[in-house]
Amino acid sequence: MPAEYTERSLLRYTEKVLELFRNPKNMGEMKDPTVVAVEGDPQCGDMFKMFLRIENNKIVDAKFLSFGCAANIATGSMTTELIKGKSVEEAEKLTIKQITDALGGLPALKMHCAVLAYKTLKKALQEYRAKSGGASA
Amino acid sequence: MKAYLDCGSTTWTHPQVVQEMRKYMEEDFGHPIFLYELGTRAAAAVDRAREVIAHSIGGKPEEIVFTSGATEANDIALRGVAYANRNRGRHIITTKVENPSVLRVCERLEKEGFKVDYLPVDSEGFVDPKTVEEKLTNETILVSIGNVNDEIGTIQNVEEIVKIVKERNQHTYFHVNAAAGYARVPIDVGHMGVDLLSISAHKIHGPKGAGALYVREGTRIEPIDYGYISLSALRPGTENIPGIMGFAKAVELAFDHFDAHIAHMRKLQARLMQGIEDKIPHVVLHGPRGEKRSPANVNYSFKGIEGESILLRLDMHGIAVATGSACSTRKLEPSHVLSAIGVKPEIAHGAIRFTFTWLTEEKEIDHALEVLPRVIEDLRRISPIKPEEM
Amino acid sequence: MKAYLDCGSTTWTHPQVVQEMRKYMEEDFGHPIFLYELGTRAAAAVDRAREVIAHSIGGKPEEIVFTSGATEANDIALRGVAYANRNRGRHIITTKVENPSVLRVCERLEKEGFKVDYLPVDSEGFVDPKTVEEKLTNETILVSIGNVNDEIGTIQNVEEIVKIVKERNQHTYFHVNAAAGYARVPIDVGHMGVDLLSISAHKIHGPKGAGALYVREGTRIEPIDYGYISLSALRPGTENIPGIMGFAKAVELAFDHFDAHIAHMRKLQARLMQGIEDKIPHVVLHGPRGEKRSPANVNYSFKGIEGESILLRLDMHGIAVATGSACSTRKLEPSHVLSAIGVKPEIAHGAIRFTFTWLTEEKEIDHALEVLPRVIEDLRRISPIKPEEM
Amino acid sequence: MPAEYTERSLLRYTEKVLELFRNPKNMGEMKDPTVVAVEGDPQCGDMFKMFLRIENNKIVDAKFLSFGCAANIATGSMTTELIKGKSVEEAEKLTIKQITDALGGLPALKMHCAVLAYKTLKKALQEYRAKSGGASA
């Protein structure tokens, strides 16, 4: 049977996603971040803002704001959790798959929300490199 | 405390309905086509159900075809009439704000060579009867317009539109998808002059899997499905008798104190709207105010935040609501209804629909009104967008 | 004393099934597409039902499409596959003894330009696999054969026929209408090699209005109905969740002691056949004897008298049976199945079908055996035809 | 809606029909009838045999045998009841509508069964006329 006729799992969240939606981590504004990046567009349904505080090339804190769905919020929580305490190089190596795997998977239709958080992180790291003059490894 | 405020999607089945169904599952369980007593009892029961349902919409019992729901009723109405009348013309008129169960069928008919016009609506969801007049041609075989919009509650002026259609051509059929309006606003097929009308049991505390299509006597229509014919060639298969009997019981319960039910829903509606507008800033009402809005529907956007997040937060407090296009969350596109009335996408994304029935309790509304402001505030705090700047 | 011996037409709903349905009507009544808790509970429930039903036929959960019954499942299977594969060929093979829910769809497809071959059967209702082989062409896209005949209980050798079909062309789809055979004979879609298989809940003490179509992964099929899509695009409309959950519960109950159930039915069958042949002269058995007959079916003609009169006389004693073509009494033609096995019309008119399940009690059989000889004798006395001369 | 799509009453019997099926009148063979007629064909699903005893141009007794459905048996009962005690002329004037009206109507699909009893009566009366040399009025 063609996949398009069994759409039952296209929208379901894993327990992990729902847990991170209900009790998000690292949510909120950050005062004096080293770098801030915004991605997305409210017209398209979501917008994501990431704050990083980087000291000695290490991400000592990460926070985010989200105008988005549960997938967006959960991915933001997971992404910031995964990079906190890591070096900028390590954070640059983080893949989208690592994030979604850590979430126990995302419904196919919600993948673009995960990508948004990831893109914002990439943008923030690039900005940091540009600012600090360092190139990515 | 719980608050089920998504009755527009589906409702719980009334215990008396369950009781009635049980009778036709455990006792009078016969197949209605057979001549032994169990069969004739089943057939007689279906006849009674037909009468109850026909009566509720002003039709005749023999004009009722039982279906598995409004989706199927709409499909039979639209394709059944289109196929049977294709030699008279291939033009159909509907609106941009119909339920997907109408729109998807229209799109299918377009693929099969029919021409469909999707009428625009104004900012409150009303069809301008003049736009119907403009689109009518000698080729127009069918017009399909829902009497109540399921998302924003707009009560369409069906009677006036029917008059325009029938004055232009007596033989242009008129279909009404009344799934969202049934038992919420008065319906009289004679008075309205409609030829076909779809209703669904599970929106009125009847069972899922039961619905009906009213088909005016003499309407040219043909089946869209084939197979074993029990009581109706327009809808093959063994009848879901418990479903039909449960449906009829739900209709009795819904229409028994119809005026009181409406008054109750109007009271809930006023309380909810007042509460939201008093307690929460930066909200946008979708659909009309007052008499022309279904008494069972309230729909607001909460600026700066996204609907799914609101929905899931409310769910954490036992409150069930719908967001965006209640029927097409899968598409991740802003609701087609909100788009059609000109709501900007970023506002549409924060739309929450609250729907209730005559059985909804005031304390459910109050619970929602207690929780909602906190949820909105929390989500706004973590949003990068400022509601006052939208 | 009553005896319900028309379980092939429909069955009463098991009280545990009713109990299960009540849960999904009054408590977990949510719409499965929505993300709040009530919705996800409903969706999870449907997933569980899918597993139970898939397991009972050896399929995978995602290969189950819920329908309103076997009639709809057959229609989706036949027209869905025909439409999706019409570019590969327009030839379909079925048999003369299929249920009307298959035959009417085939006739419809003929009108739409498909060519359908209706295979003959022998005097016991068996298809000769060679006749299938002879009819297969490069244009053959679909073969549909029921595994058990609903009128005369013939258990078809589906496996062998599938092998012939697939050897000739891997891409010719094989559909089995298993409405009459489900829970009566073992079914394993993997072992049988079939691509599509239809079942119905109300024949196994589940609710009316619920059925399922098994569709093997990768099968090219398209919808035949359109509208609001909830969980499955192949079958639009809000799912009948209580029906689906009741169906799954009925499947559990039917398959829990499957072997014991078969043994029980075999015992009832032997008792009824022995009793009829011992007590009543001039009877003719329709369908095979022994292993190759469904354990749930007995069908005899009583020469010299007419079936409807027997049916109504038995009904006066609380006994429900079917006559002639149980599914086409409306046509007043002798059963197409009895005609196909070569029964003369005057004999076919006196055919009575007794069908039971694992829940039928021995005393019901005994009651029938007590009443039947008197009824036959009475009716023969007032018939102008002598049975011994037929 | 075209009639063919609402077939619910095509097969239902009235209480009167069922009553006459359950307790048929004038059923059975007659010894020494004045005239006997048979109509129908078991191959077509029904066969009807009528016995009349006619004395002084008056039908003093009528009986029938039926290989047929409930409609057939009920119509046989009603037809024989309606003509008993009537003159041959009166019986000849009996219409099919009078019979079915007396039955409270018959399902559309079962009309031909009623016609069969009626035809058998006509045949019996013709035979009687032929036998007794008298022509119908």
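Letters are used for the chains, namely A, B, C and D, taken in the order the chains are written, and counting of residues starts over at 1 for each.
Just so we're on the same page, a contact is a pair of C-beta atoms (placed from the backbone, for glycine too) under 8 Å apart; a residue touches a chain by one contact, two chains touch by 3 or more.
What you see is a predicted model, and the numbers here were worked out from it, not measured in a lab.
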Recurring contact interface, reference C-D, options B-D, A-C or A-B [over half identical by residue number]: A-B
Pair exhibiting more inter-chain C-beta contacts, A-B or B-D: A-B
Approximate Å spacing (C-alpha centroids) for the pair chain A, chain B: 39
Distance between the centres, which are taken as Cα means, of chain C and chain B, whole angstrom: 35
Approximate Å spacing (C-alpha centroids) for the pair chain A, chain D: 87
Distance from chain D to chain B - Cα centre to Cα centre, in angstrom: 54
Residues of chain C engaged with two or more neighbouring chains: 33, 35, 229, 308, 312, 329-330
Multi-chain contact residues (two or more partners), chain D: 7, 11, 70
Residue numbers on chain A that touch chain C, as the complex places them: 1-2, 4-8, 11-13, 70
Complex contacts: residues of chain A adjacent to chain B: 7, 10-11, 18, 21-22, 24, 27-28, 38, 42-49, 65-70, 72-73, 109
List of chain C residues in touch with chain A within their complex: 32-33, 35, 40, 43, 46-47, 62-63, 65, 215-221, 223, 229, 231-234
Chain C contact footprint on chain B (complex, rising order): 4, 6, 9-13, 15, 17-18, 21-22, 25-27, 29-31, 33-39, 68-72, 74-75, 79, 99-102, 104-105, 107-108, 200, 202, 207-210, 224-229, 236-243, 308, 311-312, 314-315, 320-322, 327, 329-330
Of all residues in chain C, those that touch chain D in their complex: 304-306, 308-309, 312, 316, 329-330, 332, 334, 344-346, 349, 381-385, 390
